[in-house]
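Here the chain labels run A, B, C and D in written order, and each chain numbers its own residues starting at 1.
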Amino acid sequence: MSDKMFAIRKIKPEQGAEIQKVPIPEIRDDEILVKVIRSTICGTDLHIYLWDHWANEHVGPYLPLTTGHEVAGEIVKKGNKVSDFEIGDLVSLESHVVCHHCYQCRHNQYHVCQNSKILGVSRDGAFAEYLAVPSVNAMKNDPKLNLPPNLMAVQEPMGNAIHTLIPEGDPQDIAGNTVLVLGCGPIGLMSIAAAREMGARKIIASEVADSRREMAKQMGADVIINPKEEDLVTRVREETYNVGADVVLEMSGAPAALQAGLDAIRHGGRLSLLGIYANPVTVDLSEKIIFKGLHVYGIIGRRLFETWYQLQGLLNIPRFREKIQKLFTHEFPMTQIDEAMGVLRNRTGIKVALIPEFD
Amino acid sequence: MSDKMFAIRKIKPEQGAEIQKVPIPEIRDDEILVKVIRSTICGTDLHIYLWDHWANEHVGPYLPLTTGHEVAGEIVKKGNKVSDFEIGDLVSLESHVVCHHCYQCRHNQYHVCQNSKILGVSRDGAFAEYLAVPSVNAMKNDPKLNLPPNLMAVQEPMGNAIHTLIPEGDPQDIAGNTVLVLGCGPIGLMSIAAAREMGARKIIASEVADSRREMAKQMGADVIINPKEEDLVTRVREETYNVGADVVLEMSGAPAALQAGLDAIRHGGRLSLLGIYANPVTVDLSEKIIFKGLHVYGIIGRRLFETWYQLQGLLNIPRFREKIQKLFTHEFPMTQIDEAMGVLRNRTGIKVALIPEFD
Amino acid sequence: MSDKMFAIRKIKPEQGAEIQKVPIPEIRDDEILVKVIRSTICGTDLHIYLWDHWANEHVGPYLPLTTGHEVAGEIVKKGNKVSDFEIGDLVSLESHVVCHHCYQCRHNQYHVCQNSKILGVSRDGAFAEYLAVPSVNAMKNDPKLNLPPNLMAVQEPMGNAIHTLIPEGDPQDIAGNTVLVLGCGPIGLMSIAAAREMGARKIIASEVADSRREMAKQMGADVIINPKEEDLVTRVREETYNVGADVVLEMSGAPAALQAGLDAIRHGGRLSLLGIYANPVTVDLSEKIIFKGLHVYGIIGRRLFETWYQLQGLLNIPRFREKIQKLFTHEFPMTQIDEAMGVLRNRTGIKVALIPEFD
Amino acid sequence: MSDKMFAIRKIKPEQGAEIQKVPIPEIRDDEILVKVIRSTICGTDLHIYLWDHWANEHVGPYLPLTTGHEVAGEIVKKGNKVSDFEIGDLVSLESHVVCHHCYQCRHNQYHVCQNSKILGVSRDGAFAEYLAVPSVNAMKNDPKLNLPPNLMAVQEPMGNAIHTLIPEGDPQDIAGNTVLVLGCGPIGLMSIAAAREMGARKIIASEVADSRREMAKQMGADVIINPKEEDLVTRVREETYNVGADVVLEMSGAPAALQAGLDAIRHGGRLSLLGIYANPVTVDLSEKIIFKGLHVYGIIGRRLFETWYQLQGLLNIPRFREKIQKLFTHEFPMTQIDEAMGVLRNRTGIKVALIPEFD
C-alpha cells in the first residue's frame, strides 16, 4: 500500500472541488483505516460543493478538507486498542465523531453531542480512497447478506430516515398508524420504504416533482399527492376518515409544507422535523401545536446506535433492499465529481453514488 | 326479527355444550345488538367445553351462559345513547367489558380492569345468533377493505398477539430486533405474521408440532426450530452472532420453553409471557432475570384500544391479510360445535371458525 | 332541597356576569349532582367575563351559560348507573366532559377529545350552587386528608401544571433535571411547587412581576430571574455549567419568553408549551429546534386520569399542601364576582377563590 | 508522590483480607489516577471478604486483587487523551468498566455490558490509596455543594437504589404512586429517601430488623411494617384503599418477601428485582404475573449515566443529603478492615465507611 491516496478536496472557500493526492490518514490507537468501496452524495455535500452561505459558515473554518460523509468500506488497518473489528470487515460509518463525555453523550443523546466532528464537514471525510475514523463509528455489515456497495454506503442517511420515523423516546409505534411524508427526496423516500416495513396503516406522500412521486409509489406509498394540483389537507382528511395523520414527517424544508402538515396532522399526533428551513418560520403555535396537543421532534443525525441496528435489521428484508436499490439513479467515478454534483443540482438524480476510481 | 335466537350454551358444570333457543338479548341505552356473522374458537373456549378445573372455578358461577368471545357481526339495533355507530356497521368486538371507573381503568390499563366481565366467560357471549355489548366495545371494520368474515372475527386474539409483541409502555420497537416466538398456536402464529410486518430483523419460531412449524414458515418466520430435535439455545445463539434474541414471546405455557427462552434471550432483552402455566414455575431469578437485566411483561388481553388500532392497521396490508387467512383450517356451522371442538382437542385444527347456522 | 339555585351566568355577548336563579340541573343516569363547596377562577374565566374575541368565538354559541370550571363539592345525588361514588363523597372535577368514542379518546388521549364539552365554556359550569357532571369526571378526595376547600377546588389547574411537567409519553423524569419555568402565574407557580417534590435538581423561574417572583421563591424555586433586569439565557447558562436547562415550561404566552427559552434550553432538552400566544410566532425552527434535537410538547388540559392521580399523590405531602395554600390571595362570595374578577384583572391577586354564598 | 501505596488485597481464595504495599497503578492515556478520599463497603465486599461460593466463582479468577468498588477521590494524574477532567477534580466512580462496543453498549444498555470489568471484583478496586479508572467512569462532584466524603463515596450504591426506582425505559413516574420497599438494607433505605424526593404518594417499607425499621422512618417512609408481626399484604391493601402498591422494590433477596410483594402489588403495577436470591424461586407466574399484567424488571448496576445525573441531582437537595448522612453508622481506617467487616457481618452497622489511612 502506497502512503498516498487520491481525495476530493475543498481547498478554497468557493464553488467546486479539487482532486488531490494527499497522504493516507494516520490512525490513532482507537481508530480504523477504511478503504472506501462506495460513497454516496448528500444534499449537504452539494451545499459544500456550491459553497453557499451555510457552507462558508460551517465548513469554512475546516478548510482544506476532504469532503463526503456517506460511505462504506473495508477495514485495512486498525489501532492497537481496536478489539471489536477485524481487518477485512466491511463496515458502514456513522458520520458524527462524538466526544463521549459531554452532558448529552452521557445521557446517550450522542446525536446532539456538543463536541462532535462530522466527516466531510469538520473532519476529513469519505470522498477519497481511504479515511480514518474511531472504530466505534463503524457498524459491521453482516457478511451473509452480501449487501451491494450502494446499500452499505447509504446507511447513514437511511439512519436519518428512520430517526425521523422513530424519534428518541417517543412511545408511539409506527405499526397501525397513518404516516404523512412531506417531501420525497432520498431521505423522504427511504422513510416511506421503512414505514412500509414497520407496519404503517397507510403512507401518504406529498411531493411536487413527478419523478419523485413515481419513486414514492415504488417505495410503497399508498397515497401520493401533488400539492400543486390537489389540496393536501383535504386529501389527508378523506384518507383518514377525517381524523388526520398520526405521524407527520416534514422532510422538505418548505414552510408551506410545514403549514399543510400542521393542518393535516391529527390532534395528539407526532410531527418530526428533519427538513431545514432557510429562514425562521411563522407558526400559529396556539392553534396548531398547543390546542392540538402535538408532540414535535427536531431530528438531527441518528441515534447511536439504536437507529443503526434498526436500519441494519430492515436491510435483512429482501423487499426493503430491492426498494432502496431503486433510489440509485446514477453512479460516477470520483473523478467525475462535477458531473455527479450536476445531476443533483439539476435534480435529475435521486441518489448518486461515487466509486473511488481516480484513474 | 323474532324475539328468540339459537345459542350455544353451557348449562351444567360438566363437559359439553347445548344448543338452546333463548331470548334475543335486551340492550341498554349504551349498548348495541350485534347479529353474529362469524365467531372463532379460542383455547379458553375448549377449556370451558371440556370443563376443566379452571373452567369450573372461573365460569361455574356464571352458568347458564352463552359461550364464545371471538366474534364479528353487524349492528342491528342500538341504544339511545349510542352515537358512534350506525345500524349496519360491521364490527369486531373487544371481549372485556370494563368498568371505566376502577383505579386501573382510570390509568388507561383497561386490560386489567378490576371489574371486567368477559364475553362467554362471565357474561353471555358470541356463539349465538345475536349478542349485546356496550358500543364502546365495538371496533368498526373499514368498509373499503371488505374483510372476509374470518378476518373480522379473529381480531380479538390477534390483539393478544400484538399486545405480546408490544407490551404497554415498553419503548423498544420491534423494527430491527430479533424476535423469538415460543409456541406456534394461533396467537403465536399471528405474532409471527405481525412481527414480519413490523420490521423484525429475524423471526425465530419454536414448535414441536410439524404442521404448526410449517404454518410458522408461511407466516414469515425466518428460522424454525423443533426443540425436540435441536437445541434451541444453541441455534438462537448461532442465528444472532452469539447475542441472543432481543424479544422473546412465551406463547406455549410450557415451563421447558420458558427456561429455554430465558437462556436464549439477550442480556437487557424483553420477555413477554402470554402462555399460561398449569402450575407454579421454578425460575433462577438471580441469574436469568436480575443479572441479565431483563424486562418481563405479563400479558393479558389487549390494550383498549391502541392494540386494536394497531391490528386494524396491519389488516390494511394485503400480504398480512393473506397470511392470517391461512390459519383457518376449519369452518363449522354452530350446530356442529362438538365436531369443531374435536378438531381443536385432537390438534388437527389451527384456527376454527363457527358460522351462526342452526338449521 | 329546593329545585332552584343561584348561579353566575353569562347571558349576553358582552362584558360582565349576572347572578340568576335557575333550576338545579337534572342529572342523567351516569351523572352526579355536586353541591359546590368552592370554586376558583382561571384566566379563561376572566376572558369570558371580559368577553374578548376568543370568548365571543368559543363561548358565544353556548350562551346563556353558567360559567366556571375549577370546582370541588359534595355529591348530593347520583344517577342509577353510578356505582363508583357515594352520596356525601367530596370530589374534585375534571372540566373536560369527553366522548369516550372518538379516535383520540380510544387512544387514551382524552385531553384532545374531538367532542369534548368544557364546564363553564361549552356546558353549564361551576360558579353556582350545584352542577351536574358525569360521574367519571369526578375524583374523590381522600377523606383522611381533610383537604381544605381551596385545595380541593384547585386541582384542575394543578393538573395543567403537572401535565406541563410530565407530558404524555415523554420518558424523561423530572428527578435530577434542571427545570426552567417561564411565567409565574398560578399554573407556573404550581409547577414550581410540584417540580420541587419530584426531585428537580434545580428550578429556575422567570417572571417580571415582583409579587410573583416572591411567590416563586416560596414555591421552592432555587433561582429567580427578572428578565427585565437580567439576561435570562446568560443566567441559565451560569446556573447549569453552560449546559442549559433540561426541561423548559413556557407558561407565559409571551413570544419573548419563548425565544429566550429556546436559547436557554439544552440540546436534546424538552420544551412544554402551555402559555397561549395571542398571535402566530416566528421561530427559527432550524437552529433552535431541529439542530438542537428538541422535544416540544403542546400542552392542553390534563391526562385523564394519570395526571389526576399524580396531583392527588402530591397533595398527600404536607409541605406541598402548605405551599399551594399560599397561592390563594383572595376569597369572595360568588355575589362579589365583579370584585373577584377585578383583582385578577388588575393583577393584585394570584389565585382567587369563590364561595357559593348568594345571600 | 511515592510509587508505592497501601491497599487491601485479596491474595488467597479464603476468608480475610491483607494489607499490602503495592505499586501505584499505571494509567493508560484515557484513564485517570484517583487518590482515594473515602470508600464505602457493600454487601458484595463482605461476600468477597468471607469468600463464599459466589466469591470463589466470580472473583477467584482475578486474584490477587485490590478489593472495593464504592469510592470517591481526587484526580491526581490523567492520561494524554483525558480532556473532560482536571487535576484536582473530586470525582465519584462508576464501578463497571464497560467495553463500549458490544451489542448492549451500543444500545446504551451499559449496565449489562458483555465485557465489563468491575472494580474490586474483576479489576483492582477502591480499598487502597489510589486507583486507576477510565476517565469516562468518573462523575465530577459539584464543587459548590461541598459534599462530605461519605456522600461522594456512596453514589455508586445510591445509583442502584435509583435504578430500582426508575428502571430503564419504564414510562411510569414515581410521582403520585405508592411505593413498597421490601428490605431496608442500605440500598432499600436510600430508595426510600429518593422516592420521598420524587413525589411518591406513600412509601411503605417492610423490614424485620428493628434498627432498620427505625432508619426507614428517618428516610421518610410513611408506613413501616414488621412482616414477622403483621401481615404485609393486608396492611398494604388497607393503606391503598384495596388497590395494592403501584411500584414494588424487592431489595431483600428473600423468597417470602417476593411472594408477599407479588400479592401486595396492584394489577398492572411495576416490580423491580434487585435483591439476589440464593436459589431459584418458585413463582405462580400465571396468577401473579400474567393475569395481573405486571411489568417486572431485573435490576443490575445503574444506567450510565442517566442514573448518575438523577442521583447527583437529588444530592442538590439539602434534606436528601441529611438523610443519606444518617445511614453512616460506622467509619474505620482501612487498617481496621476486619473490624469494619465485622460490624456488617453481625449487622450492627448499616453503611460503613473506610478512610484510606494505613499508618
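Everything that follows uses one rule, which is that contacts are C-beta pairs under 8 Å (C-beta built on N, C-alpha and C of every residue); 3 or more make two chains touch, one makes a residue touch a chain.
From a predicted model like this one, the values you see are computed outputs, not experimental measurements.
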Neighbour overlap between chain B and chain C returns A, D
Interface with more contacting C-beta pairs, comparing B-D to C-D: B-D
Distance from the CA centroid of chain C to that of chain D, rounded to the nearest Å? 40
Per-residue multi-chain contacts in chain A, two or more chains: 107, 169, 171, 309
Once bound in the complex, which stretches of chain A touch chain D? 83-84, 99-102, 106-108, 135-136, 171, 304-306, 308-309
Under the touch definition given earlier, write down the residues of chain B that touch chain D in their complex. 103-104, 107, 109, 111-112, 114, 167-172, 243, 258, 266-268, 273-274, 276-278, 280-286, 289-301
Chain C to chain D touching residues, read off their complex: 162, 166, 169, 171, 173-178, 194, 197-202, 309-314, 316-317
